[in-house]
Every structure is written in C-alpha cells, then in structure tokens.
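There are two complexes below, and they share subunit A, which is joined by subunit B in the first and by subunit C in the second.
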Partner chain A sequence: MFESRIASPFAGESDAIASLGPIGRAVLRCREADIGSISDKLGIALPRAACRSESNGPSSALWLGPDEWLLLHADLQDDWVSRLAAHLEGELCSLVDVSHRQVALAVQGARAAEILASGCALDLSPRAFPVGMCTRTMFARAEVVLWRTGSMSFHLDVWRSFARYVEALLREAESEN
Partner chain B sequence: MTTGHFRTPSGGRIDRSRPLRFSFDGRSYSGFEGDTVASALLANGVHLVGRSFKYHRPRGIMGAGPDEPNALIGVRRDQGRYTPNLLATQTELYDGLDAVSQNRHPSLEKDRMAVNDRFSRFIPAGFYYKTFMWPRKAWDRLFEPRIRAAAGLGIAPSESDPDSYAQRYAHCDVLVIGAGPAGLTAAMEAAKSGAQIILCDDRAAMGGSLLAANQVTIDGAPAARWLAGMLDSLAGMANVTLLPRTSAFGYYPHNWIGLAQKLTDHLADAAPGQPRERLWQVRAKQVVIAAGAIERPLVFPDNDRPGIMLADAARTYLQQYGVEVGRKVVIVAAHDNGYRTAHELKDAGIDIAAIADIRGDSPVAARARQAGLRVLTNAAIDGTTGKLRVASITLTSGGKRETFACDAVLMAGGFTPSVHLFSQSRGKLMWNEDLQAYLPDQSAEAERSAGACRGHFALDEALADGAEAGRSAAEAAGYPFRPAIIPLACAVAHPVGGGGHIGAAPTSDPSRPKAFVDWQNDVTAADILLAAREGFLSIEHVKRYTTTGMATDQGKLSNINALGIVAEATGRTIPEVGLTTFRAPYTPISFGTLAGRARRDLLDPARITAINDWAIEQGAVFEDVGNWKRAHFFPKNGEDLHASVARECLAVRESVGIFDASTLGKIEIVGPDAAEFMNRFYVNAWTKLGVGKCRYGVLLREDGFVLDDGVVGRLAPDRFHVTTTTSGAARVLGMMEDYLQTEWSDLDVWLTSTTEQWSVIAVQGPKAREVIEPLVQGLDLSPDAFPHMSIADARICGVPMRLMRVSFTGELGFEVNVPSGYGAMVWQAIWERGQAHDMVAYGTETMHVLRAEKGFIIIGQETDGTVTPDDAGLAWAIGKAKPDFVGKRSLARPAMTDPDRKQLVGLLTRDPRIVLEEGAQIVAPAAEDRSIGHVTSAYHSSVLGKSIALAMVRAGRARLGERLEVPMPGGSIAVDVVAPVFFDPKGDRVNV
Partner chain C sequence: MLIIPCPYCGERPELEFSYGGQAHIDRPLAPSDLSDEEWNSYLYVRANPKGRHAERWRHIHGCARFFNAVRDTRTDHILATYKVGEPEPEIPA
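Our next item is the complex of A and B:
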C-alpha cells in the first residue's frame, strides 16, 4: 500500500562520496561496571578505549564517551533496536533507537582524508587516526561522527538535517584539483 | 608597445622564450614569464607607479618583496574580479594582465591632490586632532566627508566575487616558514629524519636570497644548481609538502599557523571552478621560522622620489629578473651590502656614480676603490632632485658638497630581521647591540627561528643555522637524534657584510623637512620629532599620533628608523623606547580566503526537515528559526501573509490542518531513576504520571525564571519522551547533562537526543482523527481509549509511529512521530487522506496565532528570562509537594512573589481592527509617563474577527477589566485587559 522505502536526503553520488544507505543505529549508555555483561549479551565487545570501535559481522560499536556507544548495524530493520533491547532485558542501561537521526556517507579513495580536511580540523593521517578509530567531531559547522573503516575509507555520520550542508561542502572539496 | 630597454642581454631566472604582454594604466608593455609586475615595469624603465597616501607625491618601486610600501596596484580580470592594493613586487605577470595605479586623479603624472604636498606644513602629524575641532558642526557636514573621500587606498570591487576559495586543515611535525637558504636546509634536515614537513614560501619560486645569488657557489656548484638539486630532492620526498605562493600570515596559540596560498592569480586562464586561494590552518608540532630579513631604507631629505630604492632590491632585480634599475646609480650606504650591490651592478655594466657611506673608512671601502669605484666616506646626504624620477643627489663628504646626476639612488641602511611571526607567537624579543637589531629570544611556542630572521645574515651561517634548526625541530617532534649536517662550503664573491644605521641619516641641511620614515603613510622624520616635542614618549603613542607603521605594510621598512628617531630625540636607548606590537596578517590577505566555502547557501548550516522539499513544492514561504528553515506560511493564488494565515487558521478551526513540527527538540530519558530526574529538573511532579500519558512540563533556570517548556510523555516506568522548544533543544540537553554529571551522578538515568530521529507531523482540527485513523495500525484512537494527552507506540502506513495526542491549537490534535526517513512518505499519505476534508498545510505564523487565541505562551516571546511560572500563569504546573527542583529556592525570594510583578494577560483593542505592535509599552491612563508592561504577541484572529494580544502587565491579573493605553507615535491605542484565553476558554474542543 505504501512505499516504505527510507528516504535519503543526499543529492549526489560519486565514487569518492557515496551514501551508505539505511543503517541501524542505537545509542547505548551504561555504567562501566556493566560493560562486560552488556557486551556479552550484545555479542560485541564494547570498546573501553577512547575513540575506538569494535565490529562483529554487520554490527559495530563505536566509543563516543566513557558511558556512551553508537551501535551500528549495516542493514537497517525497523525492529532491530527492539530485538537488541530484548537481549539486554534486566541490564542497567539505556538503549535508544536513533537509526533515522543520522545518515551516513562513505568518503573514500586516495583523496578521502584530504576531502575531509576541508572541514575537519583533526589530524586524519593513519598514524593519528588509524583504521577503526572513531570520534564525534565537527565538519565545518556540523557535528558528525567520523569513523575510519579502511586506510582510504571513512564512514561519516551526520544528523539528518545537516546532511545537505555537509554533502555540499564535501562535493566542493571533491571538485578541487 | 614599449619593449624592455632596461633588460640585460642575458641572465636572470625569467624565461626569455616566453614574452608576455600586459598593460599598466592603459599603456601596453611586455615582460617575460617569471617576471613580477614590478620587475616588468622596471624593465620598461617605469619607476613611477603610485601617488603617496597623504601628500600625493610621486612614488616608485622601492623593494622587491613583501616590504614594498609604494607599488600598490589594482589588477582587473573582469567586472567581478578586480583586486586592489596588490603589491606589484609580489604580483606575478601573466599574458594580458591589466593593472592600474592607485590614489591619483586623473593620472600618475598629473595628480590634483598633489597640492597637499605644497601645503604640507599645514598638515603635520596629528593635524586631524588639531584642525577639525571647530566649529563642531562642520565635522559631520564638511570635514568628515572630505577626509573620508581622501582616505583609503584602492577601490573596493563593486561586484560580488565570482571566485571560490578553499580551506584545508593540515597537521605536520615540522612547519618551515620561508624557503630561503635557512628554510631549505631546515626542511631537508628535518625531512631526513622521516618527520612530516610542510615548507611554505610566499614567492612563486622557492630559494629566497639564493634566487639572486649569481656570484655564489655552494659545495662547489653554482648556487642556482645547488638550489635546483635541493628543491628536486625535497619534492621527491613523500613526507614533504611544498607550498609556494603561500604566505604564513598569522601565528596563533598552540602552534596553529594560518597560511594563505594563491592558486590561480598567476594564471592567464584558470580552469573554471577551481579555487582562487586556499586557507591552510596548520597545526604543527614544531615550527621553524626562516623568514629572512628586510633591508632598511635611509632617512634623508627627499628620499622618496621614484628611482630611489633599496639596494638589495636593485641587486635582486638585476640577478633574478635581468633588470637594470638605472643606467647611472648612486648608492647611499650604512651597511656593507651597499658595496656588494655596487660590485654586482658594476659587473653588469651599470655606471656607479658614487658610493656614499655615512660611516668612515673600512676594508670594504678600500676594496671598492681598488675595483675602481668612487667612495665617499663620512658622507652626509643633503637631498635629491627630480620631478617624476630622481635626477640628482647632493652629498657632502670631507667638507665638500657635490651633486651627482643619476637615475637611481640605492639605499643600504642595514637589515632588519623579520620577527613578525615570532612576535605574534608571543615570543620575547631582545635587542642585540652588536647587530643593532631586535632578535628572537625566549620562545612561547614550540618554535625556533633560523637564518637571517635571527641575525645570521651571511649565507654559510644561514645554511648551517637552518640545518641545525631543522634537525633539532625533528628531534623535538619525537624523531631520533641525528648528528648535525656538516656545514656546506660557500664561496661568496661579495659577502653581505655588516653595519647599519638606525634613525635619520646625517645631513648637512636639517631644515629640509621631507625625509620620509614611513613611505606608505607619508610620515617624515619631522613628524616624529614633532610628536616627541609634544610629549609623546611611548612608541605606541608616537605610532598612533603620527600613524607611522600603521599602513598596510605595518611598517616593515619604517618601524626601526622611527624607533631610532624617538630614541635620539628623547635621550633614551632603543630597548628603553621599546617596540610596537606585530599583528596578523603579515601581508594583507583576501576576505575570500578567510570566508572560504562559508558563503551564500553554505554561510551557515541550513537545517532542513524531511518534509522541507514538499513544502518548497507547495510554494511555502520560509523563515529562519535558529539554523532551521521552517515553512512560515503556505500562500495560495498570490495571497500575502495575512490572507494566507487567516485562511490557514480558519481551516484548522473548522476542519483540519497539517503542520511540520519536526524541529521541536526531543530527548529520550531512560533509566530506573528517570522519574526522579524529571522531578528534580522540571517544576512539575512526574512520579504519578501514568505510562501512556503526557504532561506539559516547565523548566526553570537556577534563578527561578522560565527557561523552556514542552510536552513530556511517559513511555514506560523508566522511559520518558521529552519535547523542548525548537531553539532550546541543545541548551536543555546540555543543561540536563551538566546536572547529571556534576550534581546528580547518583542517579541511574541517561539522556539521548532524538530530535532528528522523528519527523513530527501535527494533525490538528476537528477532523484530525478522521484523517489519520484509517492509516494507523495497532492503536484505538477513540476518545476514551486514547484521550487528550496520551502517548503510544504503534504503526502508521506500515512503519513505526510514536503517536501523541496533544494540541498547541486548542483543537483535537495528534502529533504523529515517525522515523524521519519515513517522514515525507507518511506526510504525503496523511495529506492525501486529508484532501477529502479540505485539509490545509499551515506554517509557523498560523501556529503562533492559534496558540495565542488559546493563551499558550511561547518561550522567548512571552518570556524573556525574567518571567517566573506564576508571572506566565503557570503556577498550576509546579509540584508544590516536591522537596526540590531546579529554581525552587529562587522562587521563594520576596521579589519573586511581589504582587506587582508583570503577569500574563490578554488585551483587546477597543477598535478591533487595530493590531498592536509586539514590544509596544503599556501605560495606565492616570500615569502615562510610566510603563507598566509590554505587548508580547499581537495578531488578527480570523476566527474571532478581531485583534488579540498577549501582554505582560504589572499586577495584570488584578487589572482584568481595566482600560489601559498603548502609546504609539500616531496616538494612544485604548485596550481592555482580559484573561489571556480568547477562544474556547473551557477547553471543550480538545476533548472530542
């Protein structure tokens, strides 16, 4: 009856800057003492080191703060978060579905770090920002979560309302020789 | 077309196989690839390039680099691409370049304002302060407009800039600023360690003084070949980034350096769309400043005629550009560089009429005489002649006065180390008595200076100093210690030598007033002496009074001479006089570079909801709410705001409307202590709020004043869905986190922003239920099952939904929350269903009117940071039995319960057609000179057929029924004070 496809706010698509499509997202918050048992129930070890990620198949956990993780699932299903919540029954934590709060771009290729450096003040060299590192930071005037998924590929999560602003700036940087 | 008569037959680093045409003030000239505008003009014998700022005296090219005070030109590419105030000495020539001179009317040769020069004794330093004091009224009408017209250099472009500008952040281990001898060896030594290096230089070609070092060998090779090899090696290293045409303009805290890179200005045809300039914001672990040194002019009478220039500039024009600055040259020297220049120019066949050294005899003087040069020692410089070009100079030596005919006078006053960036970094300078220069002393940042900018002027010293600086910078950046490089063997035909003079040069005729210290701001030695006589002792005061050093060149040539003059006049040493502050930018940079991509649509993020595109298609007029773009109203058939809002309001009251409320802030509060947290944070009591129910919450600051409000729904015993105002979303979440982390870390509760998880589709009006009911699955919407102020998770159109039955309009209403990726789809489905009920889409203006008819406040409109809950009529919301909440204690202060506080009331104008002005003051008829309140909201209500207003009025609730007045420029408007609910006061319409 209804076309329940998830709308993307992005305007363009290129090899270097591409939409990552619908992704499951949840914010998990808990106390340090409970990290171990929650990790067991999630089937993914919540990273304790700052700005580090762990992945298990399609699922990843990104450290955003000492009590805050962004859980990602490569294939979004509407009930993914409620199924996760069922696993965590009885645990002292907060799990909130934010699958639609953000949208994601892949920034990839030999110029990936350079394109990001047009608006991100962080050192994105591999030694300072190795594969697997993630952080909540600013791209120009928008808050983003930046996650290095490969030597030349980044996952950039941005709040939906800022998506076109961030994409437009990235495309301008992409067009520079 | 004029050809280059002053070009040497061979030599220089120009490409003689690539001639370029260009124009200056409409006349055509030719130059070569590798020229600057300055070198190409000089090659054509053109020295006269500008008129001075104040006296409009003819001025020529003085320098060859960023220190140039006179040769400011405008370059025009097309209507939108006109750049004023470019330094001709740094503007690379391209084919077809179109340049104009500045500050002259109508032409350089004939300038009307040159009359200022003849009346100069009436306009000394500080003449503004003395002259335009009286009559007072003349300032606005006469003096100020005239001065404003005469002030400023260059003409700002009138069209919007069509170019784009890029920005990039960069990080490196060692940033080397300046690619002269010291910078090159610093970069190479640091790079060998494996460190990441950025080497920048403001010129097109790297090499600095080596570009003009034609009588030098390094390690047995000519300097040019050594330089080429060095640059090749650096370019081949993966850890080295070379940035030519890049000026390090500012040094900011924690080794944060601003670099401005010119990308296309040197090209005749830049690829379309490519950025013109790029701002680099570099964070460097270590910085090596190798900024070199700037030659000082000598201060003597009439030292500003075209053809009088710096000696090293003349040498550079000869060696780097193959240009003779004159045929017959006199060199006035206080430094051995005058002799080096004389030898090199003489070797090129230029007639050196004399070297006038203000110092005594010396070995360099003897050597010059041996080479056949005429040298005057202990010379005094008495003046020059020549209208648009210097024609002669008069010198006194050994009691004999002599006038030399010449077409160029070269000044060698000594070198001033470029300590601008070091000083910007807050490093401490120290006066060096031997070198007569301020040198970098204590660093404040992780930086070091190398080469001429810290007094190592000789080539071999600069090369070695750079190498050591690079080596130690890499080590400090964490790379293993490596031994210092073996010093390079340099063979220099004529060393730069030493010496120098500070202040006014000796002259046998001190009555001649026009001995310029600051060429760009037209400040003479006499002006500075006048300032000293008038009691200005601090160099900062002298600077502001005389404006010396305050031009766009920031006194690169003038500051030290001004210091010397003040020191001598006041009987103090130079360190006692001090030094003025160096400020960014080192040389002017464009606004475009600083703005970067932040222009037009990208000036600031435009936040858009998932429904934004639909609203644009429907022809909505938008307004900015913070960064959000919100539909303000939806005009039909050319309606204006009022007609559109009247129609939208009536449709909602009579049938149904749809409104995008997605921008409302949303926070999900989860944890066993969620209700306790809410109790402490909001004024309301939350413990007894049932699951599936909503409550209107009010939040105060610690001072007891209303900060924010919004509806809160309880999803589970341990889970609340909190809404905030659109603009308050980030502030409220931040304040909540602050309290949790600092005051209430004992609570087991967490906060997550869900503002953008949900698209919020408000469906409001008597037909609201009929519209959405068929689309909803898994929820009974009947009034008994889902009454006003309910919340539930269910599905709509096959996707998840969080439904709230709430109303900001006073009508039956639902707020359909759906995951925002589904927002547009669900909106469209509701919209299509609504067509059978004449549904309207309404914007923020209608939302404002509808809520005002109901007396609902808007944070920031009725409240202004001084309004308590009771003032706003919200005392009912306070959980009186609660032991505490944020702001509770403040509410108990006597002033907060004063019955004379401003309280929320409604106002009705006696004439229902008059809509009051928001912000208008309110008075009582008996006391019209005392404001007792102000209008906070005022609209025409189409459903009521009259104007309504909300207002904050002193003791307002005790004044119901009183007549008050709103005084306006056209007369007072009579109003009646009424209760603030104008429509459906019993609230029956929400409960259907």
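Our next item is the complex of A and C:
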C-alpha cells in the first residue's frame, strides 16, 4: 500500500546498490538507568555497547549514542510508532517517528565495502567493522547511518534530500573497476 | 586527516568531529553579580597556549556527544580524550 503512495528518490537499481523500500524508523532516547525496563517493554534489548545493533524479527535497534537508538521496522506500518509509544507508557523517554526523514539503500556483494570506501573514511574491514556494527558517519558530504547486516551487505540510511547525491556517488564508484 | 579517539566510539576520522573551544570553563552561578570585566572575561578571554590545551570537541557525525581532549597546539597531537565531567588527566611530559 505504502509503496504506491511514497515516491522513491532513487534513480536506479543494480545488483550492488538497491533501494530497501519504505521502512519504519524511530529515534529513542532515554537515561542509562531506564535501558533495562524500556528494552523489556519494547521486546528488543537496546544495545549498551557502542556501535552495536540488536534484532528481533522485523525490528532492530541500532546504537547511535550512549542514550540514543535508531529503531527500525522492516516494513512501514502507520501505527507502529504509536503502538511502541503505548508499550512505553509511564517510561521517561523520547520516541520520535522519523520514518519519512530517511531512505535506505542496500550496498551488497563482493565489492560492497570497496564501493562504500569511495566516500567513507572508516575502516570497513570485517575486523574493524564486523557484522552487526552500526554508526552515524559521513559519506562524502552527507551524514549517513551505516549498518553492516552481513559480511558482504550494508544498510545505508540517508536523509531523503541527500539520497540522490549519495546514490550518484555510489553508482560512480560501482562503475569504476 | 587526524584520527581522534572518541571516548564512546573509539578512533574516528577528524571529519566526523567539530571543535568546541576551551574546556573546563564554568558558567558563573550568579551572572548578575559579576562586574563587566568579570563577565567579559568569562565570555571572551581564553587561553592561547603554545603546547597543551584542554578543549571541547563534539563527535557530531558519530555518537553526537561532547567530550574533552588534550591537544598539543604545536603538533596537533591529541594526547588524551575523556568524558565531560571527568577531570583533565595528568599526562607525563
């Protein structure tokens, strides 16, 4: 349903760089002392370790800062964030629906890390950036959230207005041999 | 590019950070009790050492947290980083 209503900003598709379609996103912020009880109510353990993620079925929690997480849901549902908020009734925290602020690309295949390295200064070797690691960082001049979902696959979340810019640079890197 | 160790995230490239000026400057508890000279000093007067300088940085394109760093202004070497609220570490010469 949503697919037909929300225009994708991306220009193309390829094996290595593909749109992940509409997904649910929320930013959760809370105090360290409340991480345990909020995790219980969300049904997902908010990672306490820096730059790590946890997944439970279609839901994932990505550590962005010591009191800040990006919650993702694999398919976009209108009432997902309001249902989360209902679960968190009585907790002192902030939960903001940012589903439409960002769009996501999958960068995948044997050259995934090499393509990303064209615009990202982080060491993307599996030892320095293992599966499950996630972080805000820069891709060229755009801030992104980079999440390694497999040994050769990355999820890249980017603000909607920077999507074409990031995509064009990734495709240029993809075209170089 | 400088590699800066964020106290939360570890070593990260300089382009993820922004600079926040001299560290350990406390806002006066009662600003209206200050003389113009004291207020001027609080707002504008900063150390400008040739050598070690404790300063605020923010990992703005990473964990987004502020932290403090001791940097040698002659070499740009970052000698230590530490969380806000922690004392400036003693570093042997």
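The rule is simple: the second predicted complex is superposed on the first by the 173 of 177 C-alpha atoms of A that agree within 3 Å, B and C clash if a C-alpha of one lies under 4 Å from a C-alpha of the other, contacts with A are read in each partner's own complex, and residues count from 1 in each chain.
Rule of thumb we're sticking to: a residue touches a chain if its C-beta (ideal position, glycine included) is under 8 Å from a C-beta of that chain, and two chains touch if they have at least 3 such contacts.
Computed from a predicted model, the values in this text were never measured in an experiment.
By the touch criterion defined above, A:7 reaches subunit B but does not reach subunit C.
Touch criterion not met for A:171: it reaches neither subunit B nor subunit C.
Shared-chain residue A:78: touches subunit B; no touch with subunit C.
Of the two partner chains placed by the overlay, neither subunit B nor subunit C lies in contact with A:87. Once the two complexes are laid over each other on the shared chain, residue contacts for A:41 go to neither subunit B nor subunit C. Of the two partner chains placed by the overlay, only subunit B lies in contact with A:98; subunit C stays clear of it. In the superposition on chain A, A:137 makes contact with subunit C only, not with subunit B.
One of subunit B and subunit C touches more residues of subunit A, and that partner is B. Once the two complexes are overlaid on the shared chain, A:121 sits against subunit B and subunit C alike.
Once the two complexes are overlaid on chain A, the subunit A residues touched by subunit B in the first and by subunit C in the second are 121-122. Of all the residues in subunit A, the ones that touch subunit B in their complex are 1-9, 22, 27, 29-31, 67, 78, 92-102, 114, 117-123, 125, 128, 140-142, 159-162, 164-165, 168-169, 172-173, 175-177. Against subunit A, in their complex, subunit C makes its touches with residues 1, 8-10, 12-13, 15-16, 61-65. Within the complex formed with subunit A, the subunit B residues making contact are 164, 166-171, 196, 271, 273-275, 281, 283, 597-598, 601-602, 604-610, 628, 668, 670-672, 748-750, 752-758, 797-800, 819-825, 829. Across the complex, subunit C is touched by residues 50-51, 64-66, 68, 121-122, 135-138, 143 of subunit A.
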